[in-house]
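Following are the structures in question.
There are two complexes below, and they share chain A, which is joined by chain B in the first and by chain C in the second.
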Partner chain A sequence: MQYQSQAVAKLYFTAAIGLFAGQILFGLILGLQYVVGDFLFPAIPFNVARMVHTNLLIVWILFGFMGAAYYLVPEEAERELHSPGLAVLMFWVFLVAGALTILGYLLVPYSGLAQMTGNDLLPTMGREFLEQPTITKIGIVIVALAFLYNIGMTILSGRKTVVNLVLLIGLTGLAVLFLFAFYNPDNLVKDKFYWWWVVHLWVEGVWELILGSILAFVLIKTTGVDREVIEKWLYVIIAMTLITGIIGTGHHYYWIGTPEYWQWWGSVFSALEPIPFFMMTVFAFNMVNRRRRNHPNKAAVLWALGTAVMAFLGAGVWGFLHTLAPVNYYTHGSQITAAHGHMAFYGAYAMIVLTIISYAMPMMRGRKAANSNRSQVLEMWSFWLMTVSMVFITLFLTGAGILQVYLQRYSDNPLPFMVVQEKIALFYWLREVTGLVFLIGLVLYIASFFVGSKDPEVAVEQAASPTA
Partner chain B sequence: MPRSAELPEAGLSLAVMAEALYLSNLLLAPGLAFLALLWLWWRHRGQAPALARAHLAQAVSGSLWAGVLLVVLNAVIVLLGGYDGPWTWVVVITYFTFCHSALVVFGAYGLAKAMAGQCWRYPLLGRPLPNGCPEALS
Partner chain C sequence: MSEAFTKAMARNIFYGGSLFFLLLFLALTFDTEGALPDRDNRQAITEKVAMGKRLWEVNNCIGCHTLLGEGAYFAPELGNAYKRLGGKAGIIGFIKSRPKDGIPGRRSMPQFNFTDEELDAIAEFLKYTSEINTANWPPNIQG
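And now, the complex of A and B:
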């Protein structure tokens, strides 16, 4: 670790991993509730479990992004963080606010939570993914502003690189677009229209910039390829992301009451959205193939390559699968959407956070560059278990979605929703079993921080050499 | 020494073009891109540098296999399962998406290898590499 203040990232990464574990546990509860409807009812109803599952996902990814920024910005800017104290303070504010919100979901009926937190003064609750009480949303804005100030001041007074500027643009976009969470018009069409400005323009817009910059940083560090080469790739990738992703928002406007031209705009531009993800795959493989050294942290390189491939599959391919308006007419809101959501979030955002954690944590825990061999082997096992099980979760949900669409929306005698749910239960069971394998992978991942921690670390970088 | 300085220039652009045409056949212009790939392979099959020959041969055999796996096998599934069977479409769409994605990822990896001036054999469906192929780093 080159700068002392990078150590604040450790707090954020630790919280991210803890919340990730919580998200998976609630995912398993949810998965079981799909087939055993009254499991844990009335203690944890389905809608609450779903809210906790998705909100924990968003919060742990945000913790991961912040940790990544606190780690990589000082190194890129070649100076200490503007205010490490502010970063630590905001960590605790965010963690306490997040924990109270989750406890609120679990312990108080949602309408009561709205009443308790004064939602009637500025109503923002009750919308998918933006269920947080208004006061929590205000807390998120305060944390985001303090975070941007801290990161921005560090970058402005230090070296400006493409990596930290792209990261700053992404993080600023993340904060600015979240402000649309406060716009909650009575008109449902307008409500949905701007709701997507938070949800879509986060995950298919500015978050991709954050993903690209973190991936570029890790590849610069682990491959030793010239920064200029990697930066040129990053420019093209983020350009394609914004060109396709911004108007690609239109794929959410097909059936919500907006003008019909969105069916064309949405179809054409979102069909191009896999391009930046495809480029990211070629970019990552290309950099690793052209590496000038063999970095001892093989697990981090594996996570980086895995991110590129899984993001392409989950966000690119499975997104394209149901993005064209004539297809989406049938598949909208089915289990095909769930399949896409699972693989895209895991592949693009969970994995990039795990990549930077894998790269940075050993150094923050006193290693020179990498963990011991035993620890890395365990971490790589966890990579394969989680990644392969996510592929199968996606395939099972895809199968469920196709059958659901056929029986419920396409056949000559469409069946009611709940009748179809029973017919696709086999897929839900298979998904649940695979989810358990994912949990085993996560347990191994956490264990990798403790196993072999006293063993010597893998030998420091050797020059890459041709082999037979 | 910068790694880029070690890139074997001979055959690099042909190798990249072969992989690009393989990917175009899967993603942009099925059939048309394959014909262009066949023409390129036919024209350079004898005298091109080993790197180019390797990627041309891999891309041609990969494309032929892609045709079997994506068109022929799916047609068989539909014929056996019946056009109106919901389970037929569960199998066809899931299989096609998974198989097509895997072939595209192989192509992306092949393209990255070609750009780095290295040979690469497609898993399971690739042909043996010719002698004199630039070796990969480990």
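And now, the complex of A and C:
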């Protein structure tokens, strides 16, 4: 750690990990409710648990992005953060607002929460992923503005690197697009149309810029490859992201009342969206192969490579699987969607946050560059357990999805939804058991922060013999 | 990547390409806004329908169901519920008759204790939704 103020990232990362654990617990509740329908009913109905699961996901990823920015922006800009105090203040504002919102979901019936928080004045609640009360949304905007101001000032008055610039563009886009969460017309088609400007243009647009810049930063640091080379790759990757991803939004405009030409625009452009993800994989492996140093933090390099591969599989391959309009006609809103959503979110955004945490946390906890061997080995075990179980969760949901689509939508005698759900329950059981393995991986991950923390650090620095 | 392809070229592709496709997207959006009145059944949006949409939202129905294929996958698609359940009466009857403590062992829908007016509004909203032109989706009545 080169600058004192980078240390505020530690708060953000710690909160991210805590909320991640909460997310997984609620995922397991959901998974059980899929097969034991009355589990926790009516105390915690499925929709409530689902809101908690997905909102915790979004919030911990946002904590991770902000932590990543507070850590890497000063180092790239070669100066202290503009205002560490503001960063700490905003941390507590965000954490308290987030905690109150989750408690609101769990303790008050949702319609009561809507009433308490004055949803009638500016109705924004009750749409997927955007369930937060309007005042929470306003809070998010305030936190985002303060955050952008803080890192913006740091970047503008320091060394300007491509990593910082791309990160700033991505984060600004994130904040600007979120404003569409406040647009909720009575016209359902228009509501849906602009809802995707938040959801799609986040995960298949500006978030990829954030992903790319964090990945580039970690690769610069761990491989020692020339910054010029890495920055060129970064530009090409994010160029492909926005060139394909913006019009690619059309893959959500096939069946929601929008004109049918979107079937062409959406299919063609979104079919190209895997390209930037594929390039990211080639990029990461290339840089590691051409490394000029063997960084002692092997776990961080593993996370970085893992992110590139899993993002490509989850977003690129599983996204392509159902993105062409004639396929999507049958798979739209099925377990195939859930399968893709899980691997893509985990592979791209959960894993990039775990990557930067893995890289930065040892230094913020007083190490020179890396954790002890024991701690790293445990962390790498957790990497494999979580990642492999996510692959299997995806495969089981895909199996469920194929059967669901066939039985409910494709066969000559389409069966009712609930009848089909019972027929495919085996896959849901398998998903739930695999989810328990994921939880074990997460427990080991958290344990890796405590195990071997008194052991000596992995020996620093042997020069590498580049293989390329 | 080859040496002849410089970082400045990559940067220009990023800015130029993104700007071009952003503008194209905005143009398509503009065109879509113009085409929507013929497809989105807006003439059917009454006070009642708007009230129904609000009730749909503040009870977080999307947390279990899909609507036009978007939402959660725990419970049936409702974009065509008006047709599948046999009109407004079918919808109202179903929502009203949910047992307070659920159905043992099965996925159950909560009892929301709606008033008659609220039930009517929700049914109107689902009727309006079922008449949006969705390019023939879902493939069949099962949703």
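Going forward, the second predicted complex is superposed on the first by the 464 of 468 C-alpha atoms of A that agree within 3 Å, B and C clash if a C-alpha of one lies under 4 Å from a C-alpha of the other, contacts with A are read in each partner's own complex, and residues count from 1 in each chain.
What we mean here is this: a residue touches a chain if its C-beta (ideal position, glycine included) is under 8 Å from a C-beta of that chain, and two chains touch if they have at least 3 such contacts.
Everything quoted here is computed from the prediction, not taken from an experiment.
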item	value
Partner chain in contact with A:T398 - chain B first, chain C second, else both or neither	first
Contacts of A:I238 with chain B and chain C, given as first, second, both or neither	second
Contacts of A:L107 with chain B and chain C, given as first, second, both or neither	neither
Which superposed partner A:E228 touches (first chain B, second chain C, both, neither)	second
First, second, both or neither for A:R292, with chain B first and chain C second	first
Partner chain in contact with A:E128 - chain B first, chain C second, else both or neither	second
If touched residues of chain A are counted for chain B and for chain C, the larger one	C
Residues of chain A contacting chain B in one complex and chain C in the other	229
Touching residues on chain A, where the partner in the complex is chain B	225-226, 229, 278, 281-282, 285-286, 288-292, 294, 309, 312-313, 317-318, 321, 395, 398-399, 402-403, 406-407, 411, 464-468
Chain C - residues contacting chain A, complex	1, 5-7, 10-11, 13-14, 17-18, 21-22, 24-25, 28-29, 31-32, 35-36, 39-42, 45, 49-50, 53-54, 56-64, 66-77, 100-108, 110-112, 128-129, 132-135, 137-143
Contacting residues of chain A [partner chain C, same complex]	33-34, 36-38, 41-42, 45-48, 50-51, 110-111, 114-115, 119, 123, 125-128, 131, 162, 184, 186-190, 192-193, 228-229, 231-233, 235-236, 238-239, 242-243, 246-247, 249-250, 252-260, 262-263, 265, 329-330, 332-335, 337-338, 408-410, 414-418, 421
Of all residues in chain B, those that touch chain A in their complex	2-4, 86-87, 89-90, 93-94, 97-98, 100-101, 104-105, 108-109, 111-113, 115-116, 118, 135-138
